[in-house]
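Each of the next two complexes has subunit A plus one other chain: subunit B in the first, subunit C in the second.
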Partner chain A sequence: MKFTILQNDLLEALQRISGVVPTRSTTPILENILFELDEEKLKITGTDLEISITTGVTPKKIEQTGSIALPARVITEMIRSLPAIPVQFELDETKRVRITTDQGYYQVAGISRNEFPDNPSLSEARSIELKNDLLRRMFSKTIFAVSSEELRPALMGVYMQIMPDEFRMVATDGHRLSKIIDSSFRFDEAGIQMIIPPKAVQIALKNLNEEGNIKLQLNQGGLCFIFDNTTLYTRLVEGEYPDYEKVIPRDNDKKMVVDRSLLMATVKRVSLFSSALTHQVRFSLSQNRLAVCSEDADIGGEAREELNVEYNDEPMELGYNAQYILDILKHVDDDKVVFTLKNPVRAAVVKPLSQKENESFMMLIMPIKLNSQEHQ
Partner chain B sequence: MDMDAFYASVEQRDHSELQGKPVVIGADPKEGQGRGVVCAASYEARKYGIHSAQPISRAFRLCPHAVFMPVRMDYYVSVSRKLMEIFKRYTPLVETVSLDEAFLDLTGTLRLMGSAEETGLRIKTEIRHEQGLTASIGIAPNKLLAKIASDLKKPDGFVVVDHNRIGEFLNPLPIRRIWGVGAKIEKQLNELNIRTIGDLSRFSIEELKSRFGRHGEVLKHLSRGEDDSPVVPERNAKSISNEITFEKDESDRLCCLNILLWLSEKVAFRMRSHRIKGKTVVLKIRDCDFTTWTKHHTLVFPTDATDTIYQTVQKLFENNHSTRPIRLLGVGMTQLSRTDGDQTDLFKDDKQEKINRAMDKLKNKYGECIVLRGKTN
Partner chain C sequence: MASIHLLSDLMMKRIAAGEVVERPASVAKELIENALDAGSSRILLRIEESGVSLIEVTDDGNGMTEEDVLLCCRRHATSKIRDEEDLEAITTLGFRGEALASISAVSRMVITTCHQSENEGTQVLLESGEIREVLKVAPRKGTTVSVRDLFAAVPARRKFLKTPVTELRHLIRVFRTMVLSHPKIDWTLQVNGDKTMHLLRNTLEERLNDVLGDSRELIHIHRSVSGLNIEAWISRPGDGRKSRENQFVFINGRAVQNRSLSHAVLSAYGNRLGRGEYPVYILYIEMDPRLVDVNVHPMKSEVRFQDEHLIYNLIRKITEDALRGPAVIPDLHLITKKRGSNLRFRGNETPRLSSQLSLEAQSTETAPLPASVSFREGEKRFPELWQIHNRYILSQIKSGITIIDQHVAHERILYEKVLACKKSAPGGSQQLLFPQTLQLSIDDYSTLTEINTALERIGFGLKEFGKQTVVIESVPLDIRKGNEKDILLDILDDYRENRGTGEDFWDAVAKSYACKSAVKSGDSLTLPEMTSLIDQLFATSEPYFCPHGRPIIVNLSLEEIDRRFGR
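== the complex of A and B ==
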């Protein structure tokens, strides 16, 4: 293997796969990047066995094809620290790679291609084509609610449902839920659903173009995103996604409308004085008025702010995790947010005051049961 | 401070006709057919070989004419609270070990209250006058010695350990008096011809280490009366944990899981009764050659729920691939905070919470052994 490539071209390619390569692994080969050179292109691959990503880059000059795995950290750091100059890679018979620039040379031991895990093959895969901007929007509106709790593995991913006349995404950790539906979507075949791990979603978000389409390939256990010159493969989360529609309340009859940025700023300030372990804040709702309070019994902190809202129902005391509230508000595009409520132990439904065309976006947040309400 | 035969003494105090008689608190013996256990026995009953945790049927056989009485746990709790009030007159640093046992740190009270001996005697007198009960008190420079001292002259004991005469005090005592020395270690020590604490203290750290691993070092320190563990009131506790040493090293996975469930329940019950929640679950394992390790898992949200703690501990336990028999298991929670709320969950009904609450009610009323969790697999 012998080729010459521009530093910035290679760095860009290395950065596309950097999120996948584990810095420390019980399988040391995974700390490497696979370089594969054919007559036209250099392909580099990183994997953690759950997710693998391969990206292509065109070298300036190809002299001899070949392949080798090289330690990811040292190669990436080295290329990053070089100026934008041509870099030559040359592999010798002892599997050593000599990297030469006009400033000097660097030599590193490689590992045979055969020891690097093979890319998973997507046999009998179905293909789906989606709009880049739609997929990006749906991912970014749901990923924040994915669970990190290993006790419920099925919730550790974004649930994607492709149906004949709508496209849905849902994520929940049991404490909050986010659901977004695009109703302009049309799909000719029967429905498909899958649970995509959040790490794959993050990498996909990084690689999705603003415009155009993306092709997905799907089989039993895995999903492949085919970007312009990059393919991302991920294993899907196993298990059955819970029946989330069943837990979305339909009869929340009290409504609070509030200015999004005002509430965000208030919650942010007040929550600084809440318990660092629970981030618990208290919402006291009364006629057109909302008080947000917190206290930290462990350090003796306390805070309270009031703001104007639209609310015309009976007074209510609700407990929430401030971080969940902030996460939810962050994902509302509208200036005004609508909370629909039932009682202090029921999920609140949160929506933007006005929805985008062909879109239905809603979030749920479960309250913290305040002790004074324990025996209700 | 250790109350003398606490439950039984409370009953004898309230029923003068029981004084001087063997009294057994526990399950109904049903003429020897009962299936529960003894919770406490008066000193008169102990003379017949009756002791706590014994099957009630056995106790009945040992002494059929003893007075058998049911457990009035909520009442003992209320008496225990009154004892705590007495202690709090002298120091805020009270660590309650159980209803009838507590450590008091009198370090800072000398000027205000007089010497530790004076305070100890006064506490003893106040307990007798106000509660009509006797306590055994040990006064010493640390918790280890205080515990040994309080056990030494039961009942109604009062033993002071002079910090210049620790060796004199400890050396003649049998090794069983030391924390953590049970039947098994005692046997191993006996094989080395170690019978008294003095015998043990003469062994070098190296010799003990080669025999007991890291625990050897601990034994050496304890044999010299060295212990620097602080007196920690529960509300300031950094962690809450319970552990158990098996009588025989255990290799059976299912048996270990059952024990872990039981320990999880103990820890969760303590947290719930103090309105504390924890975020990090800790599993402690000590295997047959005294290698001890702990594994942690930090939850997303603090909990006091038995099932969440147990499921986490179970996962940690199953990630442990060592096949060596286990000597000790412990379950603990750290990252504690006092919280006044429970994060609700979309997919969990409050069934578990209701179960916990119902179990706690029973335990507060009838004692911790009244209701136990079981597993179906």
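== the complex of A and C ==
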């Protein structure tokens, strides 16, 4: 293997895969990056066995094809610290790679390509074509609600449902939930559903183009995103996604409409004075008024702000985790947000006042039952 | 079965002497043993007011003739052994001929029984051991023994009884042990006329589930060696519980306690057990009765083996083999669970250091910190904190460095929080989108009923859903997501252990909750989490010691460090 490549081209490619390469692994080979050179292109691959990314880059000059795995950290650090100059890679028979620039050389020991895990085979995969902007939107409206707790593995991913006449995504961690449906979507084959790990979703978000289409390939347990220069393979989360429709309340009959940015700023300020462990804030709702309060007994902090809302029902006291409220508000595009409520222990349904065309987007947040209610 | 006779003087001397009726649970145990010895296939235990007003066992066994029933409450009256030779090879649970005599002496007893050879039943009423009345009654297969007003006439004994709750717990423990010892029988338990539990004849696996709850998966072992038949269920490494409650040894159908057997199992687990973690094990050993002596203690729960070494090594060996074998590899779904660890993602935790800092200014006036360990000695900026080994928080202080144990620190915080619930308004309760259903063992269930009000005040929202099934609808804010079920089970376990030592109710609940819900050593903490933990720790009444008395903070002075470096 021998080639010459521009420092910035290679760095860009290395950065595309750096997110998956584990810095310390019980399988040390995974701390390496696989370099594969054919007559036209250099392909580099990183994997943690769950997710692998392969990305292509065109060298300035190719003299001899070949392949080798090189330690990720050293190579990335070294290339990063070079100026934008051509860099030559040359592999010798003893699996050492000499990297030469006009300033000097660096030599590292490589590992045979055979020891690097093979890319998962995608034979017998189903292909699906999706619009880039749609996929991006759906991912970004759900990923925040994915559970990070390993105890319920099925919740540790975004649930994607492709149906003949709609496209859905759902994520939940058991305290909140986000669901988005695109109803203009059409799909000719039988429905497909899968649970995609959040890390893969994040990497996909980084790589998705603004427009155009993307091809996905799906087989038993794995999903592949085919971007322009890069393919991302991820294993899917196993297990059955819970019946989320069942927990979405249908009879919430009290409605609060509030200005999104106003509420967000208020909650942000007030929550500074809530406990850093629980982030608990209290909403006191009365005729067209909402008071947001918090207190942190441990440090003696306390805060209260009031704002105007549209609300025409009986007064109510509700407790929420401020982080959840902020997360949810962040994902609403509309200026006005609608909370539909039932009582202080029932999930609140949160939606933008006006939905985008062909889209239905809703979030759920479970309240915190407040102490005062127990004594009422 | 042979008829009842009085044992000879010689035999009487050979039998381990002593009192067997110390509490309602021991009465239940003796009565159930008699029912089992009578070859019953259905047994009902009824209890009223934790046994002091009524303990009653009904069976469908062989029954007694009128002649026998008149004899059975005499001391040393038994149908089960006759001579020395019988004593060397005991095949029944009873053999001492003393239980009915001892029980009837301290209660009002009614025995209703019918023997198959007779076409009428007999009912005998006894008071303080004396027969008061004998009636003829309609024939009904089997025997009912009711014991009322236990110790009523012996105030000195009654005084020694613990709270009704404790006595009931002992009773349930006896029932549960008996159920496990004879899984092939239809068992019914009735407490105060309503709370009934009915356990139909089932496979042993299902029976284990009834008794232990569904929470853990056990490894099954079956071996026949050296004339012994051993069947066992043991927990996987890492699946242990926090108490010894779920450890049972049965020899020829008798529940026994034997240190050497427990030790054999424990040493097979070796360092596979975490600190304070106990394996679950249920051992069934069938062996020649001549090789095991049960006539050691009047309670008949201690045994001596003729060849203790052999049994010890055998049990240890088969446990070790099982723990090394393929059964230990967790099921696929557990693997998927583990696999997730590569994907650990904390998308929703925005660092909140800035807000912490802004709170600092405010807190120093309202809640001054204890002078001796102030992190803010003359410092404007927040001190640097490091988490080491995901276990300790380390920081520089004026005099050197300070090391805080994160688990016990959090334990102290939560402990005081719960104690505060006792007096004033409880903390909030996070509602769950997906309520968690939990199938409890008999023990766990009865503990839950005992402490449910306290759990509610702490923030658990539990709903009963049919027998022994509860649904967790909400949890205290301190509990980590997804962990709700395990924490609740651990609290129940731990509470039983604490409570056994006679602690104050709230104190026991607070300790259990704090210990189980606190961050563990091994949990990684973000900087805001660490700062908040330390803030809260110093707001507690006793930041230096955890509720169990272990130190929370250790300071290492510069002098000490200098000395170590030989400066």
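Following the convention adopted for this analysis, the second predicted complex is superposed on the first by the 373 of 376 C-alpha atoms of A that agree within 3 Å, B and C clash if a C-alpha of one lies under 4 Å from a C-alpha of the other, contacts with A are read in each partner's own complex, and residues count from 1 in each chain.
Note that in this section contacts are C-beta pairs under 8 Å (C-beta built on N, C-alpha and C of every residue); 3 or more make two chains touch, one makes a residue touch a chain.
In this text the structure is predicted, and so the values were computed from the model without any measurement.
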Note to self: Do subunit B and subunit C fit side by side on subunit A in the superposed arrangement, or is it a clash?
What the structure shows: clash
Next item on the list: For A:E50, select first, second, both or neither according to whether it touches subunit B, subunit C, the two together, or no partner.
Entry: second
Check: For A:Q323, is the partner it touches subunit B (first), subunit C (second), both, or none of the two (neither)?
Finding: second
Notebook entry, point to check: So, A:G174: does it touch subunit B (first), subunit C (second), both, or neither?
Noted result: both
Notebook entry, point to check: Taking the superposition as given, does A:F273 touch the first partner, subunit B, the second, subunit C, both, or neither?
Noted result: second
Check: For A:M194, is the partner it touches subunit B (first), subunit C (second), both, or none of the two (neither)?
Finding: neither
Margin query: Residues of subunit A touched by subunit B versus by subunit C: which partner has the larger set?
Written below: C
Check: Which of the two partners, first being subunit B and second being subunit C, lies in contact with A:E149: first, second, both, or neither?
Finding: both
Note to self: By the touch definition at the top of the document, which applies to A:M160: first (subunit B), second (subunit C), both, or neither?
What the structure shows: neither
Margin query: Of the candidate stretches 75-83, 129-137, 273-281 or 345-353, which in subunit C collides with subunit B after aligning the structures?
Written below: 273-281
Check: Touching subunit B and also subunit C: which subunit A residues?
Finding: 147-152, 172-175, 177, 242, 247, 275, 277-278, 280, 297-298, 319, 321, 345, 347, 364, 366-371, 374
Checklist line | Touching residues (chain side subunit B, partner subunit A) in the complex | finding: 275, 277, 279, 299-302, 308, 311-312, 315, 335, 337-348
Check: Which of the residues in subunit C come into contact with subunit A in the complex?
Finding: 333, 336-350, 352, 355-356, 358-359, 362-363, 366-367, 425-434, 457, 459, 461, 473-474, 477-478, 480-483, 486, 528-529, 531-533, 535-536, 539
Check: Considering the complex alone, what residue numbers of subunit A touch subunit B?
Finding: 147-152, 172-175, 177, 242, 244, 247, 275, 277-278, 280, 297-298, 319, 321, 345, 347, 364, 366-371, 374
Next item on the list: Can you check the complex and tell me which residues of subunit A touch subunit C?
Entry: 22, 48-50, 143-153, 155-156, 172-177, 197-199, 202, 237-239, 242, 247, 271-273, 275-278, 280, 296-301, 319, 321, 323-324, 327, 345-347, 364, 366-372, 374-375
